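Below you'll find a set of structures to go through.
First chain A sits with chain B, and in the next complex the same chain sits with chain C.
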Partner chain A sequence: MTQIIIQGLLLSGLYALIAMGFTLIFSIGRVLNLAYGAYLLIGGYVYFYFAQMMGMPKLVGVLLAVIVGAAMGLAKYRMIVKPLKGDHVAIEISTLILAIVLQSGVILAFGDSSKILLPIIPGVERLAGATIPYSNLLAAIVSWAILISLYFFVNKTHTGRAMQAVSMDAKGAAISGIDSDRINMITWGISGALGALAGVFFASYTQLTPSMWVAPLIISVAIVIVGGIGSIIGTLIVAHIIGFMEIIVTAMIAPELRGVFTMVLIIGVLVIRPQGLFGREEL
Partner chain B sequence: MGFLTVENLSAFYGKAQALHKVNISVAQGEIIAIVGANGAGKSTLLDSIMGLTKTTGVIKLGDNVLTGLGSPAIVRLGVGYATERFNLFPYMTVRDNLMVGAYTARDDIERNLDMVHKLFPRLEERENQETMTQSGGERQMVSLGRALMTSPKLLLVDEPTIGLAPKVCLEIAEVLRRLRDEFGTTIVITEQNANFAMTLAERLYVLEAGAVQIEGTVESLRDDPKLTEAYFGH
Partner chain C sequence: MTILRNSAALLGAMALMATAASAEIKVGFIGSLSSDTGLSTLRGAEMAIDELNAKGGVLGQQIVLVKADTGEDVTEGVKAYEFLAETEEVDFIISGSIDDVSLGWLPRMQEFQIPTLDTWTSYVGIIDMIVDDYDSMRPYFMNIASDEALATLYIDFGKDVLKEKMGWDSVVILAEDTAFGGAITGLVTEALAPNAGIDVTEIISFDITTNDFAPIFAKAEASGADFIYLVSSVNSQVVSSQYVKLQVPMGMTGVNVAALGHEFWEDTGGAGGGISTLSPVPSLGFALDPVNAEFLAQYQARYDTRPSIPHFNGYNAYHGLKQAMAAAEEAGGFELDAWVPAMEKQDDIFKKDGEMWLRWGWWGNDEIEPRTGRAYPHNIRFDITEPYDEGAPSMVVIQWYEDGTNAVVYPDKFKTGEFVLPSWVKK
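Showing the complex of A and B:
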C-alpha cells in the first residue's frame, strides 16, 4: 500500500512535468503540438551525449538539454507554426512529421538500441518496503518546484498574464500593448525547455530509446483532454489520477494493461465531458 | 494644429474598402464624436488608428506618425482603446484584466489603478469577480478601466453606450467628461445615437459608407437639416 502511494506520487510528479509544456502550448498557442514528445527525445539524448558520452558534469548536461529544448521550441514556432498561421491540420501533420524525422536523426546519430542513463544521483532509499531511487525522488521534487514556479509565473507576472490574455482574446491583448508574436515565442521556448527537462527525467525513469517520444505524447494528450485546457491545477490533478491509475493497475491487475486504462479514460471523458474535468467550455 | 490628425485615411479588409479618404483632426483635451449608422465604418476608423487594419494615408499623434506601427507600439505612444465588444479576458478577474492593461505602463500601476477605482468604485468592490459573469455595464467599465491602465493621452471609445441602460449611459458619459476635465485626456467616441453624442462631444464627424459627410461643432450642427433628417428621425 505504502509502496503504491510512494510510486504513485513519484510517477505522477513526472507525468505532470511531462504534460506541462504541452498544456502550455495547447492552452495559449491553441496548437496541438504532436512533436512535443520530440523535446523529450532530444532532451534525453542531449543529456546522454554531454553528460554520459563526453563526461561533462550532470548539471551541465541538464542545462544543455534545456537550452537545446528551448531553441527547438523557438525554431518550431518560427519555421512551422507561424508561417502556417492557425491552419491546425497542417500544423498537426507537420509537427508529427517533424517528430518522426527527429527520431530518424537520433537513430542515425546514436543507433536504434536503447540506452540506460546513469542515475543523476546514484543510490536508493528504502522506505516501508518500497525502493525509491534518488533519481526518481529528484525528478518528483524538481517537477513540483517547476510546477509551483510556473503557476506563479502565469498568474502573477506581466508576461504570464499576457500569455493568458493572448489565449483568451487576441484583440484585447493587442490593444493592451501586448506583442502576441513575442509572447508566443516565450511560450514555445518555455514549452521546449520543460519538455527537454522532462525528457532527461523520463529517460532516467525508463530508458533512452529513439521511440521514447510516443509514450509521453500520449500521456500529455490524455492529461490535457481529461484535465481540460487552460488549467495548471487541472493538469496537476489529472497527472495524479493517471499516474496512480497506472501504478494501481500495474500492481493489482496486470502490468500489460497499464496504458489501456489511460486510453479508456480519454475516450470516456471525451464522450461524457468534452471540455475536460477542469476545463472551461470554450475559451 | 491637431493632437490627433488623420489625413486621407483609407482602410481595407481584403479587397473591400471600408474607409474612403477620411480626414479628422482632434485638438488636445477635446472630446469628439464620430456619428454614423451600423456599418458606416466607425469601428474600422478606430481600429485603423490602433494599427489593426490595412490602411493608406497618414495618422499622427502629436509628432509621432502612427501609420505602419503595430498596436503594441501605438499603445506605448499613448493611445488607449475601449472596443465595442470590450474584448475582455473572460476567465480573468476584474483586477487581472486591469493588470493586463498595465502591461506597457508598469511604472504607473498604482496611480492608474487608483484613478480607475476613483472613476468606477464598483470595479474595486468587484475586483475578484471574473468578467464573464458580469453585466454589460460592468464590462464596459472594465474595458474603459483596462484602456486607462495603459496611461493613454488619447482614448478611443467605440460605442460607449451600446446596449446599456440609460442610467449606466449617463454614468459612463460623466466618467468620460471627468477624464477630460480632471486628467486632460483627449477622447474620441463613436456613437449611433447623435443625441447622446451631442451631450458629450464638442464636435461631430458624421460618417456614412466609410466617408465623412458632415463635420462641425455641436452648436452648428444642432439645427442642420441634413443631420436632423438622418439621425433624429423627425
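Showing the complex of A and C:
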C-alpha cells in the first residue's frame, strides 16, 4: 500500500506538470493544441543532447530545454495559430501535422531507436518498503512548486488576471484594454516552457523515443476532458485521480490494463458530465 | 536455307546473350535494414560474398546481393520474400528475420522451393515442420540452435547458478505480452523451474509499449520471490534501465534481447549494470577462435555504424553463406536434389587452443540428440552436454557489469567472468 501511495503521488505530480501547459492553451486560446506533446519531445531531446551527449551540467540542459520549449510555443503561435485565428479545425490539423514533422526531424537527427536519459539526480531512497527515486521525487517537488507559482501568478498578478479575463471573454477583455495578442503570446510561451520541462522529467522517468509525444498528449487530453476546461486546481485533482488509478490498476489488476481505465473514465465523464468534473470557463 | 541458318545463328546469339545476362548468382537478403539484428546478418553476408567474389565467385560467376526489407513486420516479410522469389528470381535467400516474420514467409518458401538459410530465428516448431514434411521443407536450414536446445542448457544454468550458487528458491516471471514472451514463459514454468527446483510465485505480463515499470517491479517485489526472470525482446533497454535506476532490490536474469548487443550500454544511458541474459553464440564477451576473431576484426574495420560488434547471427550469416555457396559449387548449382544433400554435408569446425570451440555443421536427418531425445534436421549442430566437444554450446549466459564491461558467466568452459548481483541487491 505504501508503494501505491508513494508511486501514485510521484506519477500524479508528473501528470499534473504535463497537463498544465495544455490546459493553459485550451483555457485561454480555446485551442486544442495537438502539437503539445511535441514540446515534451523536443524538451527531452534538447536535454539529452546538451546534458548527456555534450556533457554539459544537467541544470544547463534543463534551462536550454525550457528556453527552446518557450521559443517553440511562441513560434507556433506567431506562425500557425495567429494566422489561422478562428479556424479551430485548421489549427488542430496544423498542430497535429507539426508534431508529426517534428517527430520526423528527431528521427533524422537522433535516429528512431529509443534512448534512456540518466536520472537528473541518481539514486533512490527506500521508505517502508517503497522505492523513491530521487529524480522522480524532484519531478514531483518541481511540479508542485510550479503549480503553486502558476496559481499565484494567474490569481495575483496583473498579467495573470488579464489571462483570466481573456479566457472568460476575449472580446470583453479587448474592450477593457487588454492586449489579447500579448496575453496569448505569454500563454503560448509558458505552455511551451512547461511542456519542455515536463518532457525532461517524463523522459528521465521513462525513455526518449521519437513517438514519445503521443502518450503525454493523451494524458493531457484525458485530464482536460475529465477535469473540464480551465481550473489549475481541477487539473491537479484529476492528474491525481488518473495517476493513482493507473498505479492501482497496474499493481492490483493487470499491467496491460493500465491505460484502459483512464479511457473508460473519459467516456463516462463525457456521457454523464460533459463539462468535466470541475468544468469552468475560466482559469 | 540461308534464312534458316541465319535465324538459327540469331537465336543462338540471343541465347548466349541471355545466358551472359544471367551469369551471376543472385543472393537475396530478407530482414530488417534498420535493426541491429537485420544488419548483423546483412553484413555477415556481404563480407562472405566479397570474399568469395575476390576468389572468382561461385561456379565461375560473381555473386550479387539483393536486399528486401521486412521492417520486422510479418506482412512486409511475406511481400519481401515474394519480391526476392518472383521479381528478382534469386538463387538463394539468407534471412535475418525475427521468429514471427520467418513464420510469415515460410509458406512462400514451401511454395517457391528456394534454398533458404535462417540465421536468427530459433523457433523449434520450424524444425518440427522439417521432421514432419521433409519434402516441402528441405530447402530450409536454420544455423542457430533452436529453442529447445537453448532452453535445455539454460536449465543447467538454473540448477548450477541460480539454485546452487545463489541459493534462490523462487522466481517471479516478468514477461512481455507477445508470442515470444508466452513461449519462453512456458519453458520457464514447465522446464526450468521444476528441473532446477525453483518455485514460480507469480507471472506478471506487461505490454510491450510499457514505459513505466515502477509499479510492475513493486508487484514483483511484493510477490516475495527471490529473483526476477525477465522475458523481453522489444525495447528491453527500457525495463533494463528502470531496473537499474529504481535499484530494484532483487536479482534479475532471463532473456533480454537488447542486452545481446554491444550498444546496450549506450542505449540504456549507462544504466545497464547487473543485467544478464541468455545468448546464442558467439555472444558478447565470448572468447573467439582465430578465424572468427579475424572475421570480427575485418567487420570492425569495414563498418563504422551500429552494430559495432555483430550479433551471433552475423557470424551465422558469414559462415552459412559460404557453406551454401560451397554446396552449390559441389552440386553444380542450386537444384534441390543435388544442393540439399551437399548443404547437409557442410561442416566447419573452429578450434581454440586445440579444443572444439565453434562449429557450423548440421545434425543428420535421422540423428537423435541424446539429451533431448529428438531429431534436429537442418538445425545447426549444437552441443548441450559438458564438455561441449562435439559442437558449440547452444547458448551462454552473459552479464553486463556496473562498469560497462560484459562477460560470459556460464557455462564454465566458456566463462570469462562471474555471475554477480548488482551492488544494491543484498544477497
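Here, the second predicted complex is superposed on the first by the 280 of 283 C-alpha atoms of A that agree within 3 Å, B and C clash if a C-alpha of one lies under 4 Å from a C-alpha of the other, contacts with A are read in each partner's own complex, and residues count from 1 in each chain.
What we mean here is this: a residue touches a chain if its C-beta (ideal position, glycine included) is under 8 Å from a C-beta of that chain, and two chains touch if they have at least 3 such contacts.
For clarity, every value in this text was computed on a predicted model and none was experimentally measured.
Enquirer: See if chain A has more residues touched by chain B or by chain C, and give me that chain.
Expert: Between chain B and chain C, C touches the greater number of residues in chain A.
Enquirer: Once the structures are superposed on A, label A:S113 by its partner contacts, choosing first (chain B), second (chain C), both or neither.
Expert: A:S113 contacts chain C only, not chain B.
Enquirer: With both complexes superposed on chain A, which partner does A:I178 reach: first (chain B), second (chain C), both or neither?
Expert: After superposing on A, A:I178 lies in contact with chain B but is clear of chain C.
Enquirer: Looking at the overlay, what does A:L63 touch: chain B (first), chain C (second), both, or neither?
Expert: After superposition on chain A, A:L63 lies in contact with neither partner.
Enquirer: Looking at A:L96 after the superposition, I want to know if it touches chain B, chain C, both of them or none. Which is it: first, second, both, neither?
Expert: A:L96 contacts neither chain B nor chain C.
Enquirer: Pick one for A:L32: touches chain B only (first), chain C only (second), both, or neither.
Expert: Neither partner.
Enquirer: Of the two partner chains, chain B (first) and chain C (second), which one does A:L277 touch, if any: first, second, both, or neither?
Expert: neither
Enquirer: So, A:L265: does it touch chain B (first), chain C (second), both, or neither?
Expert: neither
Enquirer: State whether A:A71 touches chain B only (first), chain C only (second), both chains, or neither.
Expert: The answer is neither, since A:A71 touches no partner chain.
Enquirer: Counting contacts the way the document defines them, which residues of chain A are shared by the two interfaces, the one with chain B and the one with chain C?
Expert: Chain A residues touching both partners: none found.
Enquirer: Residues of chain A touching chain C in their complex?
Expert: Going through chain A, the ones touching chain C are 3-4, 7, 10-11, 52, 112-119, 122-124, 126, 129-131, 133, 135-136, 205-207, 215, 246-247, 250-251, 254-256, 258.
Enquirer: Would you pull the chain C residues touching chain A in the complex into a rising list?
Expert: Residues 34, 177, 204-207, 210-212, 214-219, 221-222, 235, 237-238, 241, 245-249, 267-271.
Enquirer: Note which residues of chain B are touching chain A in the complex, please.
Expert: Residues 50, 52, 70-72, 75-76, 80-81, 83, 86-92, 96, 99-106, 146-147, 149-150.
Enquirer: Sort out for me which residues of chain A touch chain B in the complex.
Expert: It is residues 158, 161-162, 164-165, 168-169, 171-179, 230, 280, 283 of chain A that touch chain B.
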